[in-house]
Structures are given as structure tokens and as C-alpha cells.
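Listed after this line are the structures, all set down as C-alpha cells.
Consider the two complexes below, in which chain A is the common component and chain B and chain C are the respective partners.
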Partner chain A sequence: MKWAVIVFPGSNCDEDAANAIVRVTGDSAVLVWHQQTSLEGYDAIVLPGGFSYGDYLRSGAIARFAPIMTAVHEQAQRGVPILGICNGFQVLTEAGLLPGGLLRNADLHFHCKMVELEVLNNRTPFTSAYQLGEIIRVPIAHGEGRYHADEETLTGLKEGDAVAFQYVENPNGSAMGIAGIVNERGNVLGMMPHPERAVAEFMQSEDGARLFQSVHDYVLAKEVSHAH
Partner chain B sequence: MKEYRAEVHVWLKPSVFDPQGNAVEKAVAGLGHTGIRGMRVGKSMEFTVEADSKEAASKMVETVCDRVLCNPVMETYRYVLTARDGE
Partner chain C sequence: MRTEPTPEAIEENSLYRAMGLTDDEYRRVVERLGRRPNYVETGLFGVLWSEHCSYKSSRAYLKKFPTSGPQVLQGPGENAGVVDIGDGIGIAFKMESHNHPSAVEPYQGAATGVGGILRDVFTMGARPIAFLNSLRFGPLEDGHTRYLFANVVAGIGGYGNCVGIPTVGGEAVFDPAYTHNPLVNAMCVGMLPADAIATGAAKGVGNPVFVVGSRTGRDGIHGATFASTDNPKEKERSAVQVGDPFLGKLLMEACLELISTGAVVGIQDMGAAGLTSSSAEMASRAGGGVELYLDLVPCRESGMSPYEMMLSESQERMLVVMEKGQESLAFDILHKWDLQVEEIGKVTDDGRLRLLFHGDVVADVPVSLLVDEAPVYQRCVVDRYHQPGLDVSLPVPSSNWEAAWLELLAHPTIADKRWIYQQYDTSVRASTLVGPGSDAALVLVPGTQKAVAMATDGNGRYVYLNPRVGGAIAVAEAARNVVCSGARPLALTNCLNFGNPEKPAIMRQFADAVEGMGEASRALDVPVVSGNVSFYNETGGTDIFPTPVVGVVGVLDALNRATPSSFQGDGHEVVLVGVDERGLDGSLYWQLQAGKPAGDAPYFRIEEEVRVQKLVQAAIAAGYVLAAHDVSEGGLAVALAEMAVGRGVGVQAQLIAGSPAGAFFGEAQGRILLEVADGQLETLQALAAAKEVPCQRIGRTGGAMVSMTVGSTDAMNVAVARLASVYNATLPERMNEPIAP
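For the complex of A and B:
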């Protein structure tokens, strides 16, 4: 299968994401520049971490208007798995592909450390290789990761099982300790922690690998079911 | 066409915790200025609008605020529009 990793000016985790994908799944990962307009032929799409457009105005606010985002919307509609990591999560909320938004950390600190996450939903294309309730270790690195949404949206997320990952110890003041959510259909995941930074022993954790493996397995299973 | 100068101010909604405002308020209190509360830190943007009338200019400013300058999920805005040729 083939993955696209979108590159905005100011993205800085694009190559890490591509390397993690290749290392974990053996698939090919192509870096796609934000000025491009098509994502035809890609089985999964990653919006990587970084500081697209220098986080000007609001993090993710300008990236949302990049030409490639029209294609991201189209592929989301078609059910292609779309993973937004850190700044990618911020872009997905600004683009309206995920509800809510990300705000300055409650304590104003930029947190760069390993954290523990609880898997609250393992029935998504991104989390099937995890156990429900499993605690995994994945690093965070952000200054604006405080998930915010109104009460109604939060209730909807909870009842709709849309919270995929929850912080064991809330590092940034996120509502309901949210670290990652999926859309209603389940094919768009946004998360502040960096799974691509937890795919090898030297990275102090390999727990992020199963996220990429889950997407790989999901796409292959879909191809098999289409063939029959 | 007339020219108008728009001054837009964007803040976090009152219901949303503003850690920056909170830190500034504490710093102000630390300097001995008691009685200053409710500090909110926001953004200010200024730009020129070309439009046929003040109403049309207002509409353009609001559209730009709703679509780009302000994220209604967590922010709110206010603006002032001034005619450039002293209308």
C-alpha cells in the first residue's frame, strides 16, 4: 500500500512519519507538497507534526487553506484513513474534519516528554492492534495541545466512543483528558502525541508502531474484501 | 469605491480559560497593583477594506472574521470600521 505524508511550510515531523511508516509496515510513504491538488492512489494520509505556516494566526489556521486540503477533504469523504499528528491534529480541527480545537497548554509550558495513554477505543482503523484499556507510552511535544470543545460536543464524543486515546495524567488541561479523537465515521484520527517517535527500542518506546500497523492491516483487509 | 480601515479584536470566549491572561494578571498583582481582575489577552488585526458602502465593508469584515481571523469554536471578536476620507 501507499501512504501520503503532507508537507506544509513549517512541517518538521514529515520525514520522521515517513520513516516510521516504512520501518513498521514496509509500505511506501511519499512526501506530498501542500501545493499539490490530488491524493488519488494513496491508501492512507498523514498530516504530520510541526509548525505549519509558523503557527501564524492560530496553529493550523493557515494550513487549512492550502490547495492540498481540498483533496484531503475528498479522501476523508471516501473513507480513506487520515491521521493528524500534533500540528496535523490542529489542522484537522481548523479544517472542520474533527470537532473542537486545540488551545495553549493550561500551564503555558511547552511539554516535551514521554506520556502514558489509555486506549479507549480499539475498533478504529488506527487502533485495532491495541487492547481496549491498554496503557501505551508515546511522547508529546507541544505548547498548544489543550483540547477544547463545548459541553454538547464533549458529550457526543464520549457517547459516540470517539475518544481513542486519553492521557493517564493530563499534561495540558485537555477537556476529559483527551489526547486523540476520531470522527463519527472513524476514518479520521487526530492526536497530540507522536506515534512516529515511538517505533524503536532506542526511542524508549515501540508502542506507536501498532498504530501504523493497524492502518496497514485495515487497508489490506479492505482490499481483500473488495476483491471477493 | 470607498476605503475603510478595519480594526479587529479577537479573544478567547469568556467561558474558555485563558492561561496567558491569567499569567499576566498574576504578574500585575505581583507588582502590587491590587484590584485588577479579569485580564484577557487577545489579538488585534488591522486592514483596509475597499467597498461601496459601510454596510458592504462590514459584511466583508464579518465574513473574513467568521472564516479566517476567528475560530468560533473557542474565540469571539469585535471590530471597528472607520472611513478613511473622514466620511
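For the complex of A and C:
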């Protein structure tokens, strides 16, 4: 299968994401420039971490106007798995593909460290390789990762089983300890932690690998079912 | 535009003084030029002959550093040094100070320090892979110090995190000597094909000269001269440049792409003294000249004069010389990254820097006079350094060893630094094998089975007490840290942070420290490949501790030999390699007891140091070593505690009777603690005997306590958990207090 990793000006985890995909799944991962307008032929799309457009105005606020985002919307509607990591999560909320927004961390500091996440939903294309309730270790590295939404949205997320990952110890003041959420259809995941930095022994955790593996398995299974 | 003073007025009213030239220097310019320089020209000489750009006080001494060796691909003189790590890969690295701006405007001062050193490294054609930083502040009890410290850390993170390069190491020291003059030294390390080093020479007559990146504004004018004077009252926050890390990231990507086309003849960062130093230095390296048409320089505001354009220190700008006929490559690539690019001049062969504006020649001076004939001063030096610590009377040590131990562990210089480095992205690029908190950082080299090791060090207290020995220790300790990580040290960069060079005693500190550093780098075979000098770190007549900071880069040839600095498990032997020397000279323990640095520099013998480092390299290569950590600030007791708290593994250590205080807290150099697997002790001891290195088993890992006994009477015994909580609490607790801008 073929993955697209979107490169905005200021993306800086694009290569890490592509390398992790190749390392874990053996699939091909193509860096797609923000000025492109089509994502035809890609089976999964990653919006990587970084500081797109310098996080000016608000993180993710300018990236959502990039030409490639029209194609991201189209593919989201088609059900293609779309993964937003860190800044990618911020872009997805700004683009309206996920609800809520990400604010500055409660203590106003940037935090980079390994954290524990609880898997709250393992019936998404991104989490099927995890056990429900499993605790995984994935690093965070962000200054604006405090998930925020109004009460109604939060209730909806909870009742709709849309919280995929929850911090075991909330590092940034996120509402309901949210580390990652999926959209209603389940094909768009946004998360602040970096699974691409937890795919090898030397990275102190390999727990991120199963996220990429889940997407890989999901796409292949879909192809098989289509073929039947 | 205001009218500029005439050459006559500049001379008559000594206006050149405010532009950074002394009376003698101005006369020298007039004499060599054969006429009075105009306003723009006076400005060019003012910045290029400043201490910051010309190294006029230090140059005579810096020649003493060893700078060559088979591992050196590029020595000093370029934007960064480069060493060979094999497999066709070169590692470019350099460290630079941003002390003066950080004292005035800490966030931007630190951020632009990181941005500047980043540009120095990618200018070489190297993909940056890591940052380190070395910080010195006053005590954190002071609200203003907390303000400076918090904002410097935020500024380093603000720039480094955004450009996507991990910050993997460094140190932070807190001492009253730095209260009014904090030190902010940033180091960048990059990777490049060994045969594709880009250089900063403006070669090839007729080749076009481009300015790329940010537009030129009125910010930072006179930043270089600002750093070369000591009067803090005159230092305005507005003279500090403002960084734009987003632009820095785009500029890095665009320049690396441009360099990889092979059409770049020369490239240089516009750092201190901006367009002036970059154009003059590039012309000087090529032995030619440059002609610039200043009407073409993209400016942020209208009405900027040639003087302002030439002296602006607006960040994120580069000067690039392209091969003639390949101009379109520059336009295509820079436009792809949405960056400004303008052809503003050409390379000439007449050896002159000629500036044209509105059709007039506004400056025309020989490049060699600007760059190569900058004055070199043999500053007045006192004959002999008066070692201040020898007069300090020492209180009788109390035998409450445990209290002293915990006090040292809680000292912010020693205490855990997570409060700092968790604000830095330490794992972006997904190549950090060992990040901050270890003796040295290790970063993987993709496509190989190697890692690059890097560490910074520099104990100003030791240099203050004995400049020559202290200078040597700075080199030895940084190299030792690299050795402890399992790697082989290759070369070093440095930042020489000193006080006012016009004081003969300070110049003696400088001369002796450089001498000592040179001796150690020669003996340890770690030549100096890049560096920088920061003078005038003084306030109100008081100078900082002379603080040469050394950054050593090494290579780990086999990834399975990466060696941690904390105990790995129970039931292993603990060995002290190096002499069991128990003097307390120069120790933090004595400083805390006496209220000021006391005694001589710690015990140090370069021949012993070399043997110890060689032995530990051999032992790690042979696979005997589970963990290695050098004995430094706080002595053996602190080193053992640090090894224990990492993974919560206790240790019982027993030393022979004699000088308990020195045994616990002495900072004698050339000592490394090793954790050795069961059954390997004899092999290690045989190896040590063959290499004539003292090597004694001092204990065994295991249990929940760290205990240390000297002879039969003096003992300390504290739970690992207690040590850890003291060690971890200091910085978060202190930084919870309000700050005072």
C-alpha cells in the first residue's frame, strides 16, 4: 500500500513519520508537498508534526488553507484513514475534520517526555492492534497540546466512543485527559503524542508501531473484501 | 534620509569612537587608506575591527591550539569545523556564545544564538542533527536570575523545537560569579558527505552574489560592537535581534537543497555585522573582491541608508555566490520555499569591497585592510596570576557527611536538569540514542552502525583558581564524558567566555587557560576545529569566572557499545578507575563551606588522564562495562548517587581509611566509575595493570540504599529514593517562585 505524508512549510516530523511507516509496515511512504492538489492513489494520509507556517496566528490555522487540504477533505469523505500527529492534529481541528481545539499547555511550558496512554477504543482503523484498556508508552513534544471543546462536544466524544487515547497522567491540562480522538466515522485520528517516535527499541518504546500496523492491516483487509 | 557626517566631521568630532574605533585604529585606517574614510566606510571598519569580529585581543593566543590531524576535514576559519567519522561521512560542528544579548533580552538573545549556530552548520552543506547548550547563571534565589534563566530556556526551545533539530545535551551551572553576566553558549552538530563540504569563499570573477532569506531591517545595528563593550547601561533591548525560527527552518531546507545542486560557489551566514562581515570575509577567503549594488537589497522599510543596510543584523539571511549561468536554480529553489532572493552584486578580482547606491560609490575599501589587517593586540598581561583560592581560609569540615551530601545533590549545578530539557524537543528526527541527562549524548547516523557522541563542559571555578590547569580540565572533562558514553573523542569546538581583556589579570587568565586547553587537546588528540571568543563579560568592574566551554564530538563505532551512565542492575562490581586522590582543592564542597572558591584547581595530571581514557575505551570496546560515569562536581559521593538514582539501583561502596571529606567530595580529575558484570573484574584489572592505570574495586550494586564507607568510622547511608527526591526537587521548586523581569 501507499501512504502520503503531507509536507507543509515548517513541518519537521514528516521524514520521521515516513521512516516509521517504512520500518513498521514495509509500505511505501511519499512526501507530498502542500502545493499539490490531489491525493488520488494514496491508501492512507499522515499530517505530521512540526510548526506549519511557524504556528503563526494559531497552530494549524494557516495550514488549513493550503491547497492540499481540499484533497485531504475529499479523501476524508471517502473514508481513507487520515492520521494527524501533534501539529497534524492541530491542523485537523482547524480544518474542521475533528472537533475542538488545542490550546497552550496549562503550565505554559513546552513538554517533551515519554507518557503513558490508555487505549479507550480499539475498534478504529488506527487502534485495532491494541487491547482495549491497554497502557502504551509514546512520547509527547508540544507546547500547545491542551485539548479543549465545549461541554456538549466533550459529552458527544465520550458517548460516541471517540476518545481513542487518554493520558494516564494528564501532562498539559487536556479536557478529559484527551490525547487523541477520532471523527464519527472513525477514519480520521488526531493525537498529540508521537507514535513515529516509538517504533524501535532504542526509542525506549515500540508501542507506536502497532498504530501504523493497524492502518496497514485495515487497508489490506478492505482491499481483500473489495476483491471478494 | 538624515544627512551623514562628512569625513572631516568624523575626524574632527571623533565620531568614529561611537562607531567602535579607537583613536589609534582610526588613524591606522586613514593612513592605510590614504584618505579619511566616509561615514559608511568608518562603520565597516568599526564593526569588522570590533573584538567580536576581529578577535584582536585573542588572535595571538588562539594560534597555540592544535588544529590538525587525520580526522580533521575542516579546521578553524570556516563557518564550522568538520571531522571524519568514516563511511564517507563528515560531522560539522561549532559552538557560539550569545551572552550579551541574552543578559538584556533573554528569550530573543538565546533564540537567535541557536538560529545563528544553526546557520553556521548548514552553511557547510551539513544537515543539522543536534543542538547542545551550555548555560551559566547566578543563584536561583534571585528573581531576576529566574527571569533570565526561564526565558533563556524558553528561547532555546522556541527556536530549536520549531526548526525540528533535537536538543540532546549540555550543562547548566549556577554561581554568583554569573549573576550579572549569564552565559548562553549554543552548539550545533550536522552531518554531510565528507567530500562535499561547502565553503564561504567568493570565488570566480563575475559570479553573481545573492542575498537570500529575510529582508534587511533596522534591527541589531551595532550588535557586534555592542558585544565588545562592557557598559551595561548602554545596552538597549532594541539592539538585540529578533529571530524567526520558521524562516530559519525554511532557509535551512532551501540552502541545503541549493547546495546539493553543486552550483553554489560560496555561502555564508549573515551573523554579526551582517552584510559587512559576510561579504568582506567571503571576498577575503577567495583573495578577491566583491561589488554590491545596495539599491537591490530587499529591505523591510523604505529609506534605509547604505550604512544601515551594511550594519543590520536582521536574522535568517545568507549571502550566496552562484556559478554564473546557474542563477535560475537559486530563484527556483528559493521561490519554492517562499523565500526572498535577490541578486545584489558580483565577484571581482580587484581585492576591494565596493558598495554602490543610487549610482554613487558609497564605499570602496581594500578587503585585506578590512579583514586581514585588522589590528592584533598584545594586550597587557600580568606576569603571574594571583591564584585567589590560595588565600581562602577553610572552615573545619563538619562530620555530618550525609547533610553535606544532600546539600550537594540539591545544588542546582548538580541537581537533575529535567526542568530544563523537558522544554526542549529531544527526540525529533527519531535518531536520539541517548539524550540529555547522560555523560554524553549519542545520535544515530542513518545508514550506518555508528552514532555521533557529543558533550560540553567547562568548569569556570577551576579556571578561576588556576587558569592553566582549569583550561586543561575543561578539555579533559568533555573528552572524558564522550569516552564514558562508549565513543572515541575526535575533535573539539569551544566558546572562550572571559571578562574584560583590557585588564592585565584577565588577559593572564585567558593566556593561561588557552595554554592549558592546547596542552590537553594535544595530549588527548582532540584538535580544535572551530570556536569563538566572548570578552567583556564583566559588570561594574567585576568579571565572571573565566569560563572556556568545550564541546567535544566523537564517534561510537559499534552501537552495542553505547554505555549508559547509571547502574543497570543488582549484583555488579563497582570499580574506580584512576588515582584515589583525596584533595578537596577547587571542589564545590569547599566553595559551599568557605562561601567562595577555595584552594587550587583540583588534582589533574594529563598523562594519567590520557591513560584513564584509553583504558576505559578499551574496556568498553571489550564489552566489560555495563555503565560508566566520570567523577566531577561533588566528587565520588555525588557520582555514585547519580549512577544510583537513574534506575533506582542501590550500591554499597567501601574505601580505605583516610581523608573522609576528600574521599566523599573531592573533585580530583581523571577518575571514572565503572559498573562491571560479574566475573569480568579480573579481566578488567589485568587490562588496567597492563596500561598502568590504578583500578580498584570499591563496591557492589544492589539494595535500596547508597552507602559509602571510608575506613571503619566515616559512613553515609541514604535510601536511593531519598537521594532521588532531593536530586529531582531543586529546579522545579526554585522555578515555582515568581520571576522578576
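By definition in this document, the second predicted complex is superposed on the first by the 228 of 228 C-alpha atoms of A that agree within 3 Å, B and C clash if a C-alpha of one lies under 4 Å from a C-alpha of the other, contacts with A are read in each partner's own complex, and residues count from 1 in each chain.
What we mean here is this: a residue touches a chain if its C-beta (ideal position, glycine included) is under 8 Å from a C-beta of that chain, and two chains touch if they have at least 3 such contacts.
This structure is a prediction, so every number in the text was calculated from the model and none was measured.
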Touching partner for A:103 - first (chain B), second (chain C), both, neither: first
Chain B versus chain C as contact partner of A:13, first or second or both or neither: second
Touching partner for A:141 - first (chain B), second (chain C), both, neither: second
Partner chain(s) touched by A:113 [first = chain B, second = chain C, both, neither]: second
Partner contacting more residues of chain A (chain B vs chain C): C
Intersection of the chain A residues that touch chain B with those that touch chain C: none
Interfacial residue positions of chain A with respect to chain C in the complex: 9-10, 12-13, 15-16, 19-20, 49-51, 53-56, 109-113, 139, 141, 143, 194, 196-197, 199-200, 202-203
Chain B residues touching chain A - in the complex, by the definition given at the top: 12, 16-17, 19-20, 23, 68-69, 71, 73-74
Chain C residues touching chain A - in the complex, by the definition given at the top: 154, 157, 161-164, 244-247, 249-250, 337-338, 418, 421-430, 433, 444, 559
Chain A residues touching chain B - in the complex, by the definition given at the top: 57-58, 61, 65, 93-94, 99-101, 103-108, 148-150, 173
